[in-house]
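Here come two complexes built around chain A, the first alongside chain B, the second alongside chain C.
Our next item is the complex of A and B:
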């Protein structure tokens, strides 16, 4: 292999695959990056066996070939180099990297020792979507998920393919977020009721690596997902398990429906949290059918309260406690000027949504009165 | 006490004193900030008994008084508030903070329980200096110092007042930096040979809190230093101990004097460090009286080298090893386009300096050949 690559292209390629490099010492080859010529392109790949990323970059291919070298060494050199061009030449298992005044011989490993990155061939389960729509939908549900060792099935985002809609959902059992995409927002061919769970780390990589300019093709089989554009492929294991049947906790009715401006409410929650305790509790009450009072008190620090003007439908409301961080996550996932905050008693789930957009909601369990 | 303060003023005041808040749980009052009216100003003070900072801010004083409240609670509220004005009112040991829709009652402690911040009265040891000159001088030596529990006397910066000059020095025994100020750069009244050691943390606070617009008055007695502008006072304990007599390690002659451009050398050190080992070693040699070669090798990763054009005075040079991080610190402390790198054999201290500026040097011990 013999290549001449613009340093910025090589840097961009390495940056795209960075997070699929393994930190596991048992299989040193997983710390390596595979460089390989592929038709007229140079393919850069990493895998930690759960997640693999491949990025094609342009460069002058003088001689074809392939080699793997330690990712961190190559990335450090490319990041610190200020040369416009970098020349790479393979000498058996050594990669010789040259710029103007600089030369490195990087000890690599034979490309055949690199794990084969699995392919999804001829999958009938197919989805085509714009990156902005996919990423925005992931962002709307992401904050409700958390890695759980006890319950691996909720350590990811659910994709629920129904006949004409696609639902994304996430929950950590304290809150639940669901975003629904209508069929005009994606092209797809899926069996109705097909459900997959994408690991959290994979969703974070999807947000990081896909740029806005190319639509993403998604292929799924029973245990992996492939996301693909012209120059980028991300393939990940799925989480094996049955996602909780969350329909039952979605409130059917809302007892007290409060409409408030989102920004002042975010501000109020931030401020009032200054006095909240270890369990991050703040309390809410509805007064005089027009004021949402948010307050917290601490035995040692004192107390505080914030009054937010509100339009209230339904009875006033005595007191309900929430984890302010969870409430804030929901408020930030919404993007409308006004929001609906639906309360259902001090022990029943509350709901946050936009008055205009029925495609998204965020459900929040109160902190139980003890 | 009853005050109305612009939120930005209060925020700036709290930010200035933030780092002197104690994290020690044994004396809870040290986690508090003291608010106190003082003539027509509002004085904000914190102390951890080693370091105390006081900042005066403007505000409307409706009623005089003083109170202490937990710093982190007040700072969190002021940071998160979006009100233009904040009203503060004392009710015994409670501070009532109000903005438009918000009210907090912060439990405080009586101002009399707050430690008295020591004063330096009528000190005969006096210095007047522009903040830019002081801060630039500290920055030039700071990176050579490190906190050492075994040798507290080197865990700070030496200020050595001589008759017409002031020397600042720092060392961690692997390197040494010294900056000399001429008498036209400061006004002073000090006994010749007067030396003090300022703790590292204090020097970092000096860099952080003093703005460029007011000259700083410095007063010193045998165990503390006070830095003072119109609205800011920083008082710190000094380090008790005898600073090492470093004159003896300053090389008198230079065997091989190399003149190189600073930026390419920084770049070379960064790149070559990609292959350096756990002790951060990189090696240098001088070739053909015109090339400085920088190189490193690793048993596992490979090897690399960078050639930097140089003007060489003296014999070529076979091999000397340095800790690249220490070399980089020295190169960054210099600010000239070209630098002089003086080498004295593989086990003797090297020196870095600017060809134009004799007021600063950085001495660096080689890594001994083993």
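Our next item is the complex of A and C:
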């Protein structure tokens, strides 16, 4: 293999695949990046056996071939170099990297040793979606999920494709967020619906690697997902498991519906949280049908109250406590000026949503009042 | 040699030919899952492993298999999804509960089976009112799909149907490890799934979800009556499972022949298995249930108070639990020992809520209806046996449900003396605790009164 590449191209390629590099004592080659010529392009791939990312970059190919070298070594050279062009040449298992005034010989391994990146079985049917829409939807639900060792099936985001709508949902069993996309926000040629659970780490990579300019094609089979643009491919295993039937959790009726402005509420939660205890609890109360009082008290620190004007529908309620971080996550995921906060007493799930946009909601459980 | 042993010796041989790191990375979680007509099927934990093993080790594996069984012609590889058994939920559940952050109640369920691990056979208290059903349940657990299929359990609200059928599921799951696939579903959920399937024009998930199990437990079957598509789907599911001798367990609030909305063919299917009835709990069972509940919580309560709860709440174990909770809560909050008098007050507060629509005339009418006499006969002077018993029962219920004064009751029932009313009340109370049949009778009357007052 012999190539000449613009440093920026190489850097961009390496940075796209960076996070799939892994330390694995059994298989040290996973620390490596695979460079391989492929149809007049240079393909850069890494994998940690859960996830594999490949990026194609342009460059001048003088001689075809492929090699793997330790990622961090190559990346730091490319990052620190000040040359515009870099020449790469393979000599057996050594990669010779040259610029005008610099030369490095990197010990590599034969490309045959590198794990084979799996393919997806069904390459006919796919979803097509704009990166901005996909990323925005993931961001809206992501904060509700957490890696759970007890429940692997919720350590990911549910992608529920129902032909005419596409739903994304995430939960950590304390809160749950769901975003629904209408058929004009994506394209699809599947003839039946499916539900898959994408590992959280994969969703974070999706957010990181896909740039705004090319639409993403999504392919799935029973245990993998492939996201693909012209020059980027991300393939990941799926989480095997049955996603909880969260429909039952969504409150059907709301006892007390409060409409408030989002910014002041965020501010209130932030301020009041300074006195919250070990379990991050802050308390809410409705006064005179028009004021939402948010307060917290600590026997060591003191106490504070914040009053937010609100429109209240339904009976006043005594007191309900929430983990302020969870509440904040929900408030931040919304982007409307006003929000609806639906409460159902002190131990049933509450719901946050926007008055205009029905495609998103965030449900959270209160903290038990002690 | 079983598949597992065979595979272990194959792995032993492969281990000699490839490096240790490679062996651990690619073959550690492999499994030989099938060998048929010379084709061996090897399961690997992920696609990477599948690709790698297929490309690099295919020959070695085939060779190793052949050296043990020379009929092996071919090896196929698949990605096995069920290799990571879900860890026990129970251990961690207590952790979650200690934290005051509430979790979605649905998340306490086992995602695989939809069962609540809280319901166990051990915590199911057996008495004369449910021993038959319990025996049938035990038989089903011992002999899945063969002995009593379907098992149809019916009984009134709050008598422990859900507890029992979930406990059967949990017991099966634990006893047969994960070899038997159990799924519990409330009918409501089944309906929702069918509706969702119809809406997304894809019934496959519903089918595979319910037809691919070894034990299907369906709760409150009466609610699917009259919903045509759901009934159809259920009927087909039922047949598929039944024909493959999979176990079906059904609960209902009434026996199959009292499910008019359900299609005849479905009903006759139910009647083809074992129909077991859970009756109203007798006094001993109620006491036992209360004591079990106290034991579970690790607290104690005055014997007199326990007996009072058992006496006051007769036909619903859930209410029994509720009353107990309330008393314990009261004790904890006020930090005082609850005596019989206080307990009675607490219980009355809750009982009254449910009977606010009950009036003396309704009680008299329902008692008369039950015994097939005229309401006037209850207040009448005739002392024939067929009138005396209803009269005493009516007096008992007036006192028990409405807490009316004895003089008032006496006045109402044919201008009798208050001592007559007192005597009748005590006699019936005694009789209820003594005779099972009699207490069932009184409870059924109470039930009809309840139904009337709530409608």
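The rule is short, and it goes like this: the second predicted complex is superposed on the first by the 361 of 370 C-alpha atoms of A that agree within 3 Å, B and C clash if a C-alpha of one lies under 4 Å from a C-alpha of the other, contacts with A are read in each partner's own complex, and residues count from 1 in each chain.
To be clear about the criterion, a residue touches a chain if its C-beta (ideal position, glycine included) is under 8 Å from a C-beta of that chain, and two chains touch if they have at least 3 such contacts.
Computed from a prediction, not measured in an experiment: that's the story for all the values here.
Enquirer: Under the stated touch criterion, which partner chain does A:201 make contact with: chain B (first), chain C (second), both, or neither?
Expert: Neither: A:201 stays clear of chain B and chain C.
Enquirer: State whether chain B or chain C is in contact with more residues of chain A in the superposed arrangement.
Expert: More residues of chain A are touched by C.
Enquirer: Between chain B and chain C, whom does A:285 touch in the aligned arrangement: first, second, both, or neither?
Expert: neither
Enquirer: Go through the superposed model and pick first if A:102 touches only chain B, second if only chain C, both, or neither.
Expert: In the superposition, A:102 touches chain B alone.
Enquirer: Applying the document's definition of touch, where does A:193 land relative to chain B and chain C: first, second, both, or neither?
Expert: Only chain C; A:193 stays clear of chain B.
Enquirer: After overlaying the two complexes on chain A, where does the chain B footprint on chain A coincide with the chain C footprint?
Expert: Shared contact residues on chain A: none.
Enquirer: For the complex, which residues does chain C have touching chain A?
Expert: On the chain C side, the touching residues are 21-22, 24-25, 46-52, 55, 79, 81-82, 84, 86-87, 89, 92, 96, 99-104, 106-107, 109, 111-112, 189, 192, 199-202, 204-205.
Enquirer: How about chain B: which of its residues touch chain A in the complex?
Expert: Within the complex, chain B touches chain A at residues 70, 73, 76-77, 80-82, 94, 97, 101-107, 264, 267-268, 270-271, 273-275, 300-308.
Enquirer: Touching chain C in the complex: which residues of chain A?
Expert: Residues of chain A touching chain C: 24-28, 47, 49-50, 52, 115-118, 149-153, 162-163, 171, 173-174, 176, 192-193, 195, 222-224, 237, 240-242, 244-249, 279, 281, 323, 347, 349, 363, 365-368, 370.
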